[in-house]
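Per-chain residue numbering starts at 1, and chain names A, B, C and D are given in the order in which the chains are listed.
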């Protein structure tokens, strides 16, 4: 069952990932990315990351991607107009190289990774409580510091987008 | 894991500089609203006060060194050195920015706040003892710098610089993160000391290969931030496009902080697998020096020329890292300090000279500066001579220590090629000197206004710093040597 | 003894004139510039009198400069007999040239600037001479190079002056590269840079173990010395350096700075004498330079150029001297050369001054009746450089040649031939300038006393300076060489022959020279154009450097590799403009591709070779 | 079909997604899509973190990916603002048009 779910959602993720790369319209790419994020959320659940799976949906797919879609709409971005005609040979060469490279990486990971037991659903549960406890004890400082980060993002966005300096 | 997580007073003291700067940044933005238009100029004064307070508290924090916040931070000599350095860079760039912003009619509290935040991020990087802290510090520093690079948002060059810096920066950060993820997977921790211990424990061969891969991925991220080859490629465009005082800041502050984490991560965490990363640091150092110096030979835009020179200088520091020794770390620290001064000085001259809208940024425009404004030109000459590596300047001793460290580590060829490189480098710095002193003043020089207070302060402080490091190098070097022992 | 006062006076002069000079009257600038050098000279004399015979080295320690690990470099000044000679030459001749310059520069712009640089030069030169370790010596070494650069480019309005300054700077960088590498190797080998410690350690090393490393170190030092002292193949900058004002040529490019290389080799005698290969190289380079430069000097028509090549040639003699192990003879010649070459340049300066800037020998002639003092003093200098018996050059040059004979007779014969040529071209210049009819258009006049005074003093020194027995004085430091009266007289005879030939060619039978040049044809062209060395340098070093970086970075990699894969080969190769692009194409995606390529290279290295071991 | 999935499968998936992100960055010409490719890369990193978190049976990995999300959000805000200014000045979203500074 775990394997089946993994395979299904892994395939969706990869498919959506490819779609992100090959679609010419940004909206299509954005939707593909949301697809990747959704399927990754399922995989997180499988791996026992319930908090992170929810955050993935709410923060990533919910907030960040909405922002993207909003900007795409705002700028009325259309489909990419090809500025050149890539020769077919180069195109296929690129694909072959990419696949070969990914295969190589997969091989290295497969070979180099210490042989551990497989993932089963429920094998590890990182509950929101666990995450919260750690976040406010060991990881207190980085947590607080990220507030500065958010503040900068806020100020930065305002500086760049407002009418007059 | 310590049982008590509640931060103690000592913990707060150790991050006091960061707290001061953050709070000041927020306050300054609030103050602007209360003060009204005509009081804006005081903002730079307040920013300066904040920086000065942070500087003092950073030095004070060194009186009580140690780990804090569950080993997230470490305050030691090394951290203090870089904290003081980046805060000093902040102050110097503040001085030159004030005048620039007024000139461009773009003075606002946000600029100062972002400057403060960026330096805060660099201070966090300097003190971080955890990969995740390093990452967050790096992002704070970078995001603030992205915005600063595009600060004059109606300027096309500013936009382009910001976009390039942002996209490529995030791209490289993703590599860094991927590396962090793998090192976490290999060692089960992101704490630098724990990683070191994990790598020291005799494990399987695969473990070392994975750690090496992770090191390579993290190297991509760090090398990008310090503009080391082959990841230096963004630097010329961004340095050219960003507002001059931001370039001044970028080329010194974030770079120094990135080198700080570079040194700490590779010396502390990856110390046990030196034989894996040393060769690629070696090659990168060589490549960086060559690309920087040779590309600078044919530049006509002075900001771009200095950008390539900045790349070349990163190469020298990489040589010190490749030496992989305590002397090497000390040499890198010393050189970064010297480099900060001379580079800031050079960019301050560019800031002063470029005029509104950065009209005059070609080397040829500087013609006759030596006769129109002898003092500015003389100070500029000091910086250029230091960049060339003439004795009695900081740049000379910086290079001296670096190549000595490299020789001690038996990197004979790197030393020879590095010295050859610095011989080539003399040529393009020289071109600026020639233009300044041996050409008749042109339109650009004749219309030049006197140097304002802020830039004058930057110039003089940098010149004094450059010369002090060149004449009394022991002061800084002793501190660097003492604290470099801690990075292991 | 407060040795530090010696260089400090000129430094103060530099600071005063440099910072306030613009607002000071000329008399005040003169007072500061000349006064500081005079004080420095006085202090040298006082110190040397106070030290007496200087049987052992007198060292003053001021402070520790650098303490890094085991390396400890302090700021130390020291005086021994070698230093004493150099100090006297530098401050003494320096003072005379300063006085002369006050007259010469009278009507030039940037008066204060000139003297500020001049004083700064004195400061660095004195640091160089007094230094007790290699690093401090290097400080002086770089400093004098910098001042030389500033002063060559003094007439900044002339394009030629700026290119000449560049050339000097860049060639010197090559020399500095060698020097600094040598310094690093010395630190590595001996763990110190202090002269006494290094030389003691070098003496203690067993011959088999030390020859290799010492040969490398000394060869690198030789590169530095060759750059500073204008030896083959790094001599190209010196003739061009004559673009600077004439007092600069006299002080820096004849009397003092260019001899720094010889001084440094003599100073490092303990290292060099343990590296026979280097010694031979030094001797051969010196001899080749002496001969080569002398042949070029034969055909020059610019009076300063003639003396410039003769400087290169005489420096070659000094190298020959130290190369064959006759260090004291080399230093002896250094001193006498300082006298007569300074005089030659100052005299030439007086001629140029009197002719309102004319430097071509073709525009002179018959000047004897207009400027008698200049003519007579220049005649003395010419005699000295030709090695006329009992002039200073006679003693010092022959000391070198005798030593060369003992080393290898063929060196002596080449040296003698060169001496003949030297005598010929120097007197050729003298005859062309002062005898016959005036061929120019300006109104020649004699220079004021402030200029002729130093000329007369130097003339006395050029004639009588040889009676100061330097080899004997330096005997405690370097072993004295045997004398050989017969050989000495022979070379003096060849010198006289050269003078006579010049007389025949340029006074007695005019036109003979031209027909001779015509007969020589191609050879003459070759020599006249200085063997096309400058052109060769441009073609082999400078152009490839610029062109190479342009081609490799602009065209090669990016256009072919990155854009090819990213955008397709076909479209991008359209148009010549698009071929000319760097890796820096300005395109973000191409930049990203670089980042990716770099990462893949790293990962492959890690993955396949097990970490690039 | 085995019930347990080897950890390495997750890691391979994350590597593939990372590679796709890289490819997207290089091959796409719309600035926004390029930016989204970076988000894809960050997602891949998160998957790695969470996977290793499972391996070590600790929640630290979750916390790291949480921080990555925060950073991604901050980056998105600033990045999109930068893209807006670029669009305002140049009226284009084509990344190849933003190349006035070169060599």
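Annotations
Convention: a contact is a pair of C-beta atoms (placed from the backbone, for glycine too) under 8 Å apart; a residue touches a chain by one contact, two chains touch by 3 or more.
No experiment lies behind these values; they were computed from the predicted model shown.
Distances from each chain's CA mean to the overall CA mean are smallest for chain B. Two chain pairs, B-D and B-C, are weighed by contacting C-beta pairs, with B-C ahead. For subunit C, the chain with the farthest CA centroid is A. Separating the CA-averaged centres of subunit B and subunit D is a span of 26 Å.
Subunit C has its Cα centroid 40 Å from the Cα centroid of subunit B. Rounded to whole angstrom units, the spacing between the C-alpha centres of subunit A and subunit B is 31. Centre-to-centre, using mean CA coordinates, subunit C is 61 Å away from subunit D. Looking at subunit B, one finds that residues 132, 136, 139, 143, 146-147, 150, 153, 163-164, 167, 171, 209, 213, 236-237 touch two or more other chains. Shown for subunit C are the residues in touch with two or more other chains, namely 582, 584, 586, 588, 592, 607. Within subunit A, contacts with two or more other chains are made by residues 94, 101, 108, 113, 139, 142, 146, 149, 152-153, 156, 160. For subunit D in complex with subunit A, the residues that touch the partner chain are 1-13, 15-17, 19-21, 23-24, 27-30, 32-33, 35-37, 39-40, 43, 46-47, 50-51, 53-55, 57-63, 65-67, 69-78, 80-85, 87, 93-94, 96. Listed in rising order, the residues of subunit D touching subunit C in the complex are 22, 25-27, 29, 34, 95-96, 98-103.
Of all the residues in subunit A, the ones that touch subunit D in their complex are 1-4, 6, 10, 13-14, 17-18, 20-21, 23-24, 26, 29-30, 33, 36-37, 40, 43-44, 46-49, 51-52, 55-56, 59-60, 63-64, 67-68, 71-72, 74-75, 77, 80-81, 83, 94, 98, 101-102, 105-106, 109-110, 113, 116-120, 123-124, 126, 130-131, 134-135, 139, 142, 146, 149-150, 152-154, 156-157, 160-161. Against subunit C, the residues of subunit B that register as touching in their complex are 163-164, 167-168, 171-172, 175, 208-209, 212-213, 215-217, 219-220, 223-224, 229-231, 233-234, 236-237, 273, 275-276, 279-280, 291, 294-295, 297-298, 327, 330, 385, 390-392, 397, 401, 403-404, 407-408, 415-416, 419-420, 423-424, 426-427, 430, 434, 437-440, 473-474, 477-478, 481. Residues 554, 566, 581-582, 584-589, 592-593, 596 of subunit C are the ones that touch subunit D when the two sit in their complex.
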